[in-house]
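The structure's right below; bear with me while I get my questions together.
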Amino acid sequence: MAVKMQADEVAAYLDEVFPQVRGDFVIEEVADMAVRVRMPVAERHLRPGGTVSGPAMFALGDVSVYVAVIAMLGREALAVTTSGSFDFMRKPVAGVDMICECRLLKLGRVLAVGECLIFSDGVAGPVARMSMTYSIPPK
Amino acid sequence: MAVKMQADEVAAYLDEVFPQVRGDFVIEEVADMAVRVRMPVAERHLRPGGTVSGPAMFALGDVSVYVAVIAMLGREALAVTTSGSFDFMRKPVAGVDMICECRLLKLGRVLAVGECLIFSDGVAGPVARMSMTYSIPPK
Amino acid sequence: MAVKMQADEVAAYLDEVFPQVRGDFVIEEVADMAVRVRMPVAERHLRPGGTVSGPAMFALGDVSVYVAVIAMLGREALAVTTSGSFDFMRKPVAGVDMICECRLLKLGRVLAVGECLIFSDGVAGPVARMSMTYSIPPK
Amino acid sequence: MAVKMQADEVAAYLDEVFPQVRGDFVIEEVADMAVRVRMPVAERHLRPGGTVSGPAMFALGDVSVYVAVIAMLGREALAVTTSGSFDFMRKPVAGVDMICECRLLKLGRVLAVGECLIFSDGVAGPVARMSMTYSIPPK
């Protein structure tokens, strides 16, 4: 299966269908069954001590798996988060963008499974791990 | 172990330490090892079709477990999300508040485990299930 | 939706299709979207200190959700574990049977979601929590 | 942090402390924060159709993370499974050994987090994904 949408095409599509998150995420790379997405950290993501909130990291992982699925299946595809899990392992570095490295472990007819490692940009140990299952409803 | 903070005390404390989420959640009930929290649904929580976003539901579950822990341990307690899992099972009803029923299954010296069922207010089948582990660092 | 198979019918069916686990589990109760299953603890389930192994508890949760699904859908139904999560919260009591209280939170056309609390028989605090998603392939 | 126990040392230690699983697993490689463990598939692991049971795969992931932790911390370390999640993504190939590639994402003072990909030996697409948190009690 080949990549159907490149990074800029997915970005334009996201702006169109999810205007609520416009500007929140930068799709840095789209590859076969894998993407890298950046979340520029803004005031609204923060918690006391300068740490990035759990919901903000969840949002980054969630959008990354969505981007990976849509990049492979094309813009006509539907994809809905059905389940997942996460580990928050290290404190994010204050004031530093978050980077999500995501790959699809499965892209089936009905379900897709992605896994994500989230980093503070430039720091080696991952801040969080996530896995997400998307269901792909029939068109 | 008795409840140390009532709903209004926890609400005041949340406003103080998490000003970023001020007004996002209403603590409806605090009981022994259990809380009920309402999320008035706002435009920023929505996705196309009027559905509530995954990150918004995650935020509701996350804050609910935090509230349950703090209510039992008191305002001097620290509590940090370390891991969890979720199932999104039904489409939320458009324009309806989300209600989280949360209870603590364990409140240990080092770890607390909470489970949440999230409902569209007034609808029987749960929209989501979540479980969350908080670590409780020594003071 | 009504229960399609009673406890003894499901037990007979399990013996037939999963002879490998014959005698491992006792289906104590089947109700609407809920079951209770007992695991008599045997030497092979144990770990040093008399504790019950993680895989044994996983097996108990897994079979309980399967039993709950089959009881509702009938013996012709297929059901395959696709994902799940677990928290092991307390040490099981040595030499005591494990009891799994399981209920289905969702029984859809394609996916079923069950949640389980596992107890040492007669002890109040749950030993483990589990959630499991089964996919229900078309016949 | 350097590896404290090599594959054969960990294998001997496992035989000593977990005699119940003697012969079930082969520790193929121990590296820095990573291990590879083989599970020779036996009759007791199977389900109808020749597939490997969920509990057997769980056991493989669980022991792999334990081996990875012990290899890094040494035989005097304690380590207890506290939580985790799994996705079963593809049907295992009948009659073929299972291989678990495991790495530690975090090895803290109190908690270790490992992630596992499980394969049918020689087949590219992973059969299962698992993540496991172990708590490391003070000695």
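Some points to look at:
Chains: A, B, C and D, in written order; residue numbering restarts at 1 for each.
Keep this in mind: a residue touches a chain if its C-beta (ideal position, glycine included) is under 8 Å from a C-beta of that chain, and two chains touch if they have at least 3 such contacts.
Since this is a predicted model, take the numbers as computed values, not measurements.
Listed here as common contacts of subunit C and subunit D: A, B. By number of C-beta pairs in contact, A-D leads when A-D and A-C are compared. The chain with its Cα centroid farthest from the Cα centroid of subunit C is A. One simple way to say how far apart two chains are is to compare their mean CA positions; for subunit A and subunit D this gives 28 Å.
Centre-to-centre spacing of subunit A and subunit C amounts to 33 Å, using the average Cα coordinate of each chain. The set of subunit A residues that touch two or more partner chains comprises 82-83, 85, 87, 89, 113, 133.
Only residues 17-18, 20, 43-44, 46-48, 53-56, 58-59, 62, 80-89 of subunit C touch subunit D when the two sit together in their complex. Across the complex, subunit D is touched by residues 82-83, 85, 110-111, 113, 133, 135 of subunit B.
In the complex of the two chains, the subunit B residues touching subunit C come out as 85, 87, 89-90, 105-106, 108, 113, 115, 117, 125-126, 129, 131, 133.
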